[in-house]
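What follows are several structures.
Both of the next two complexes hold subunit A, though its partner changes from subunit B to subunit C.
Moving on to the complex of A and B:
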């Protein structure tokens, strides 16, 4: 059984790796965005799904990474690969500044601090015009690299899914999940909750920063409203809740299902689409707290760590 | 910066700060009330404020009557909307982990904001009423802000009188001190939750009606008020109702003071810096609350 699953995964990855050889330009861009959403949803899952601390502003890390990457590419002539990694580091630094004061406390402080963060980042980016181009945005030099960005996004999605697997099946992940279940009990067991919450948060900020750098390179032009939209955070949250929070494959399942749906059906009805997202959140929280994967687990006796 | 600051400017800042602060206090009292009795942070609080603002806008647009009179409609209306939300949705997550109530109210907020986008469109609206300012000595007092201040102070005073003197108010305070003990004393805690959510929604909507006359109205206007209301209750100490009053005034003053030194763009970020500093230095609030 285990070997069958691994073989299926290997074949799936091989097919995805060969896909650009036969794909159209649209196909590559579609898959590239799908990978991006898997990576983003999976990252949100690391902090909110595992430790139970809700981040309402994860797009701030995406936007920070996008700007850091784009600035390094345009003004310092970096290659977009290392520039995007630097974007991830910038996102982690931001996470440290916010996470240290807010995660020392229990309760909703962290959630609200994240709710405001996105707005503040947008204001700051618009204000420091010399560095960021302000409201008129930042253009990157023309480069046709969709094929390379396809692999880069795919690697990011794979890496963060792999990290989720390693965490969920390890002692560190158990500590995260103990914090989610009962923080006081976690402390009583000798877990340094402050420190582990911060670890989870820093981990969850890195990949959105990197992916933000890839996104900036792929788009070729970024502005404050294009890389700090509240909708991106909402989408991450909905994908994870729908698929199953705190699981390895739930965010992947949620991202794939909702992204395909979004591209095929909803792109033309923005507000209805968002009402639908709001309704999914309410529905999942009240009636299906473990998402689709939770329902499947109960029905088909799937393994606990999936 | 090279700006010389005169005593008149400081006086103006203090006046503007207190005028804005009273409004913050009133709106935040609603959030504090819900948090106090249920330990739920209502992410949709600002969304309810937005609905109040639209009620006033449509009242003024369609009927052409004094927008402040719309309070008489908006307050009871939003009181019932709040009770309905509590009854149908929020009541189910009161005892669940915090994650559930945060996500639930976030979902409610997204749905309501986008229903507003669909029905009212995303056009920026305004209520053209009571523009201009009174000149008192060297100070300019904006008329709409002065009225907003007076109304907010009156509503907040009524709310406090209600909490202090009436039987229901005492039951609400008892519930927020200890839900279990209140229940043992024969208080129907679920009913208290219902009333608290209704009152909180009415307070948010009153804020909306008052800001409708001062600022631009659009469906996404609410989020910043959710954030600021939370900051106010952090400043005052979570679960501490008089603390919310102090916190609101303080936020108003700090914001105005910051606008002396910073550009308007950056002063929007001041509230945020304040939140991070308070959490870093004095997480139980200035008056001391029950934060853990």
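Moving on to the complex of A and C:
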């Protein structure tokens, strides 16, 4: 069984690696966006799925990474690869600065604080025109790199999924979960919840920052509203809730299902798409709070480590 | 400052707004004994536990453990000094399995922790349920799980807040036997319990709280006859 799963994974990865050889330009761009959503959903799951601290401003890390990466590329002539990694570092630094005060807040207060962070970042970016181009945005030098960005996004999605696997199958991940389960009991049992919360938060900020850098390079042009939209955070949340929060493959399942649906069917009917999204939120919250994988795990007594 | 006491509380006071939950309470625990903490509802027993374990910040007074000040420490730091506790209202990790509830609280190498966890699960006859989510266990089973979760960390001092409530007869006897065995291993136990039969049978010494004040202490037999204690329990 284990070998079958590993073999299937290996074949899947191989096919994805070979895909650009036969793909159209549209196909590649479709897939690289899909990878981006997997990476974002998976990152959100690390803080909110595992520790239960629901972040409503996770796109702030994405936007920060996008701007940091884009600025390094345009004004310092960096290659977009290292520039995006630096974007990830910038996101982690932001998480470190706001993590200390914000992670003391409980429940909805943390969610709201994160929402506020995103608004603040967007305003800041608009304000410092000299660095960021302000409201008129930032254009990157023309470069046709979709093929490379495909692999970069894929690597990010793979890396954060691997990290989720390592965490959820280890005691460190269990300690993250005790914060979600009962923070007071966790403390009384000797778990330094403040520290583990911060670890989870920093981990969850890095990949969105990196992916933001890739996104900026892929788009060639960014502006405050394009990299700090609340809708991006909400999409991450819905993907994770739909697939199964706190699981390894739930965010992947949610991201793939919803993105494919969105692109293939609903993008043609703009308003219907939003209604559909709202309906999914209601459906999941009311009927399937543990998401698809959560339901399967409970019904078929599957281990959590899926 | 080490005078052989395991725990010493001096003049501990804790207010909640206008309510004095614990009032200038002092007590001393020697190692290797089972102590009882009794008192009417709302007399401050749980609050005293919370102040010892750092979950509530005391307003005044001091707590010493093995001769060192521990008031002002964070709960996880108190736990690392060697104090473990259970809660009056069950606080297992419901969406972790029984086994994971135990594994997560230690830093021992996995193999060691795993063996220890299995031993403890067998000890309270939960071994067949190790992969069940803790939230799916019965009330009594969850209480036992919380109890052995404390033992996973092998603390010197164990604070039990009404461990017997809701546990059925058979399991209760096993629980009491387990507590005695821990004492025989040299552990110190402070137990809050309303069931007088349990308290009388188990404890060498009782502390009685009333309106947050310690109104009596002594062996169970003496306490039972103490007019102030009788007054506190029946005289209102």
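What to note about this one:
Note that in this section the second predicted complex is superposed on the first by the 293 of 306 C-alpha atoms of A that agree within 3 Å, B and C clash if a C-alpha of one lies under 4 Å from a C-alpha of the other, contacts with A are read in each partner's own complex, and residues count from 1 in each chain.
By definition in this document, contacts are C-beta pairs under 8 Å (C-beta built on N, C-alpha and C of every residue); 3 or more make two chains touch, one makes a residue touch a chain.
Owing to the predicted nature of the structure, the values given are computational and were not obtained by experimental measurement.
After overlaying the two complexes on the shared chain, residue contacts for A:139 are found with neither subunit B nor subunit C.
By the touch criterion defined above, A:281 lies against subunit B but remains apart from subunit C after alignment on the C-alpha atoms of chain A.
By the document's definition of touching, of the two partners only subunit B reaches A:107; subunit C does not. Contacts of A:175 after superposition on the shared chain: subunit C is touched, whereas subunit B is not.
Shared interface residues of subunit A (contacting subunit B in one complex, subunit C in the other): 180.
Listed in rising order, the residues of subunit C touching subunit A in the complex are 53-55, 74-76, 79-80, 84-85, 87, 91-97, 100, 103-105, 110, 131, 149-150, 153.
Of all residues in subunit A, those touching subunit C in their complex are 171, 174-175, 177-178, 180-182, 184-193, 246, 303-304. Taken in their complex, subunit B has these residues touching subunit A: 41, 43, 89, 92-93, 97-100, 102-104, 106-115, 117-118, 223-224, 226-227, 230-231, 234, 238, 263, 265-266, 268-269, 271-272, 275-276, 279-280, 283, 291-292. Residues 48, 52-54, 56, 97-98, 100-102, 104-109, 111-113, 115-117, 119-120, 123-124, 126-127, 180, 230, 234, 237, 241, 271-272, 274-275, 277-282, 285-286, 289 of subunit A are the ones touching subunit B in the complex.
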